[in-house]
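Same chain, two partners: chain A is paired with chain B first, then with chain C.
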Partner chain A sequence: MNPSQRRGLLGSALLSLLILLIVGAYYLWGEAWQARILYATFVNLLVVVGLQVFMGNANLTSFSHAAFMGIAAYAAAICVTPVAMKAISLPDAPWGLNAFALSPWTSALIALGITGFLGLLTGLFIARLTGVGVTIVSIAILVIVHSIFLHRTDIFKGNQALFGIPKVLDLPQITALVILAIFGARWFRESRFGLQLRACADDEIGARAMGVNVYRTRLVAWVLGTMFFAVAGIAYAFFLGTISARPFYFNFVFLTVAMLILGGLRSVSGAVFGTLLISIGLETIRWLETGPEILGIQLPQMLGLSGLMLGVVIVGVMAFLPSGLMGNREIEDIIRPKRQETP
Partner chain B sequence: MLEIQDLKVTHGPIEAVHGIALTVAEGACVTLLGPNGAGKTSTLSAITGTARSTGLIRLAGTDISRLPVEARAKRGIAISPEGRRIFSNLTVRENLVMGAAGRRDKSAIGSDIRGWFEQFPILGERRDQPAGTLSGGEQQMLAIARALMSRPRILLLDEPSLGLAPQITARIFDIIGDLKRQGITILLVEQNATAAIELSDYVYVLNNGLISSEGPAERYGDGSALMDQITGVHG
Partner chain C sequence: MDYAIQQILNALSFGAEYALIALGLAIVFSIMGLVNFAHGEVIAFGGYSMVIVGTLLTRNPFLLMGAVLLACVLVSVLLERVAFRTVRKADLTTGLLTAFGVSIILQNLFLLLGSPRPIPATQFIFLDRTITLGAVQVSSLQIYETLATAVAIGFLLFFLRRTTLGLAMRAAALDFEMVRLCGLRANRVIATAFAVSGLLAGLACIFIMARRGSVLPHMGFDPVLTAFVACVIGGFGSLPGAVLGGFLLGAVEVAVLVLLPQSYGGLAQAVVFALVALILVWRPDGILSPAREKGDKV
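Let's look at the complex of A and B:
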């Protein structure tokens, strides 16, 4: 293990500790309704950490993550829902999709497999592109997948809910998944591939002149990223019990991208902090939206404030803090600065 | 080690090098001198494979002129690019690891890195700093060390003295002299003729994309006449 990987382990452990503290605080003092918010935050955290794997290391912007999350969520949901329930929720499903039901584990593996395959297929195109090309193609993927979700109502129910999905996961399991994701993303960042990808982001020709296969490196990161989105999608479906096409579209894409940008996309710690900060901020704003009474002053109802604030955060960070709160730093760089002495 | 024949280099519609030949023997230090725009960097780009070219480029006997950039790197070509283009967001140590991207012998990579930190203690001190925070001279040392991390057959140095203060330039040329004594094959591109000629075995002078003169380094004396020609100073 080299020094960067050792620091990576330390940083991942510190971030995991933070996650465990939050979960511990919930179990000690939290109220039942907050479990749902915490679970949703952790699903977002899986997505944002997955975004960091490709966007952060390659320094390329992609918007298709909601599509991959949706594909995994639908695949897992369709596999795991009991036949009796599917007779009601998916009466017209083709190819016998409503005639079988699988165990949660098998369903999750199938969902991961399908998403991974589609990730590889799209990656073959994405990895050949640079700059704005990646962004445009990723938007196209998002739009294509969303319109399939909307219009193949016999399989996906469109904007109606696909219901009857058994509740498989709860807070302890998603906490474990989040911690695994943090370790995984950080391990990738400090790995050969992660390092080569970051080098390409600095100087692509320079990296190629050192023998780096840029195409292969980007492809690996892209496919790995889609696996994080797939896990998030499965976790989403396995907790909520119902899914529909709407959550897997632009609103969610902007929310998660704002989280990554606020924290700073170059580091895994940035992804974690950005997600937590925006989640806390949004909950506060949602409460303000309802028009509460603070210190005897009755505030007006301000519907739409959360969307507005999200936009303000993106613009504000882009203008004043272009590399986010963390920039190039990871959590351990703040707590234990890097040594400067001679070897 | 390196043999080039009838090399023409094009950037889009413009031909920058119009058919040159040069040879670098194993263990030799050969310098390519010339003013701005003579085609020096274009020649190096053709060797590394980042510029389009026609003609023959033979490395250790095999033609590499049709190979992609990455494959040439793996066959033993390493460059310290013009303007010290290091990976500025990566740490000093990570830059060195990147230099060894084509190697698989992990433990030897680690000991090579430690070796460079001993040779350039200042890099060792700053090993965990982003390379972009180094001074110009330190970045040049890092660029050379990074290139040598691949244990190349030939080291291409593109204007290592560019934009550096005179004492720093002297230090960099000392380092290049040390590398030569260690038996590393070097193709050096420079404008600083006097310093380059002092440590070269053979010199090519490039003007407007053609070789205008060549010969053993001794033939050019201390290089001051060439220096005037390159910098356009007469007198």
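Let's look at the complex of A and C:
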């Protein structure tokens, strides 16, 4: 293990400690309804950390994560829902999709497999592109997957809810998943592939001249990223019990991208901090949106305030802090600054 | 035969709308390398200003058209001043995300100050009549749209080729620093690009309003997404490419609607986007420019 990987382990451990502190605080003082918010935050955290794997290391903007999350959520949901329930929720599903039910583990594995395969397939195209090309093809993937969700109402129910998914996961399990994800993303960042990918982001021609296989590195990061989104999608479906196509589209994409760029896309710690900050901010604003009474003053109901804040965060960060709160730093760099290496 | 003519006219008018919006995107991109996703909200702003002016000041549709065009130009220039000037020197991703942010802000402002439900604004509906030409029935709106786009392209050509500012803009697309060294103000060139882009958005807004008759906070998003695709197909930042891409996309969309069975209508957008993804893999820089090796001098 080289020094930066050792620092990576330290950093991941610190971030995990932060996550554990938050969960501990919830169990000590939290109220029951906050469990849902915390769970949703952790699902977002999985997505944002997964985004960091490709977007952060390759410095390419991709918007298709909501699509992969949706695919995994639907695949897991369709596999795991009991037959009796599917007779009601999916009465005319083709190919006998409503005639079987699997255990949660098998369903999750199948969902991971399907998403991973689609990730590999799209990755073969994405890895060949650079710059805006990646963004456009990722938007194309998002739009295509969303249209299919809406079109095949017999399988996906479109904008209606697909209900009756058993609740498999709860807060302890997702906490474990988040910690695993943090370690995984950090391990990738400091691994050979992560270093190569970051080199390509800084100077693609230079990296190539040093013998980096740009295409393969990007492909590895892309597929690894989709696996994070798949886990997030499965976790989403296994907790909420109902899913629909609507959450897996642009609004969710903007939310998670805002979280990533607020923290700074180049570091895993940035992804974690951005997610936590925006989640806290959003909950405050959601409360303002409903028109509460503060100090005896009745505030008006304000729809769209949360979206407005997201936009302001994105524009503000881009204008004044282009590399986010953390920039290129990880959490351990703040606590124990890197010694200046002597040449 | 009549059916074919009908569909060709459909394709032309679809294409004209995409080309108008795509030109607005391309002219900004060619000069400052910004993928302006907030373009759709400029269009929506035109719609809202039409509602306001239409109820408060005048119901005369021609004055209203002028108001819409003016509103779009003003808001476009204002956006450049407030939001995009700070990221002018930043890389592509920063600009793209900023534009997305601006787009979200505007959409939610419309939601907050306007209404999440459509607000009717029907003053331009009169443009949409059915005319019988020989055996073919066409909508007058389709003809106006195609003609207006042709005229707009003509004016744009004249402006870019025959005026000093136009010459500066063409030069800026090639080498912005050189234009500044020649003594032209960067701010003025860029502001002009945004003004032209806003004018094109206003024109598109008039036709969109004539078709829908109501405004919604996110009404500009889908047309701009498609126009963005048109830009990509033609080669980003190339003005002829934007026009070509717009018309090509209109043709593809009509062809998909005609060829696919009725029940697959919802998949038209998916097919269009799949085609785009394939084109991009074949020609990463668009149809009009062959794939370049990385690191080649342009």
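What we mean here is this: the second predicted complex is superposed on the first by the 339 of 343 C-alpha atoms of A that agree within 3 Å, B and C clash if a C-alpha of one lies under 4 Å from a C-alpha of the other, contacts with A are read in each partner's own complex, and residues count from 1 in each chain.
Assume contacts are C-beta pairs under 8 Å (C-beta built on N, C-alpha and C of every residue); 3 or more make two chains touch, one makes a residue touch a chain.
Being a predicted model, the structure only gives us computed values, none of them experimental.
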item: Which superposed partner A:Ala111 touches (first chain B, second chain C, both, neither); value: neither
item: Dominant toucher of chain A (residue count), chain B or chain C; value: C
item: First, second, both or neither for A:Gln196, with chain B first and chain C second; value: first
item: Contacts of A:Arg266 with chain B and chain C, given as first, second, both or neither; value: first
item: First, second, both or neither for A:Asn2, with chain B first and chain C second; value: first
item: Contacts of A:Arg128 with chain B and chain C, given as first, second, both or neither; value: second
item: Chain B versus chain C as contact partner of A:Ile205, first or second or both or neither; value: both
item: Chain B versus chain C as contact partner of A:Thr61, first or second or both or neither; value: second
item: Doubly contacted chain A residues - partners chain C and chain B; value: 205, 208
item: Chain A to chain C touching residues, read off their complex; value: 59-61, 125, 128-133, 135-137, 139-141, 143-144, 147-148, 150-151, 204-205, 208, 250, 254, 257-258, 261, 302-305, 307-308, 310-315, 318-320, 322
item: Residues on chain B engaged by chain A in the complex (per definition of touch); value: 48-50, 69-70, 73-74, 78-79, 81, 85-91, 93-94, 97-99, 101-102, 110, 114, 117-118, 121, 124-130, 146, 150
item: Touching residues on chain C, where the partner in the complex is chain A; value: 35, 83, 86-87, 90, 92-94, 96-98, 100-109, 111-112, 116, 217, 221, 225, 228-229, 232, 236, 264, 266-267, 269-270, 273-274, 276-277, 280-281, 284, 294-295
item: Residues on chain A engaged by chain B in the complex (per definition of touch); value: 2-4, 192, 195-196, 198-199, 201-203, 205-213, 266, 328, 338-343
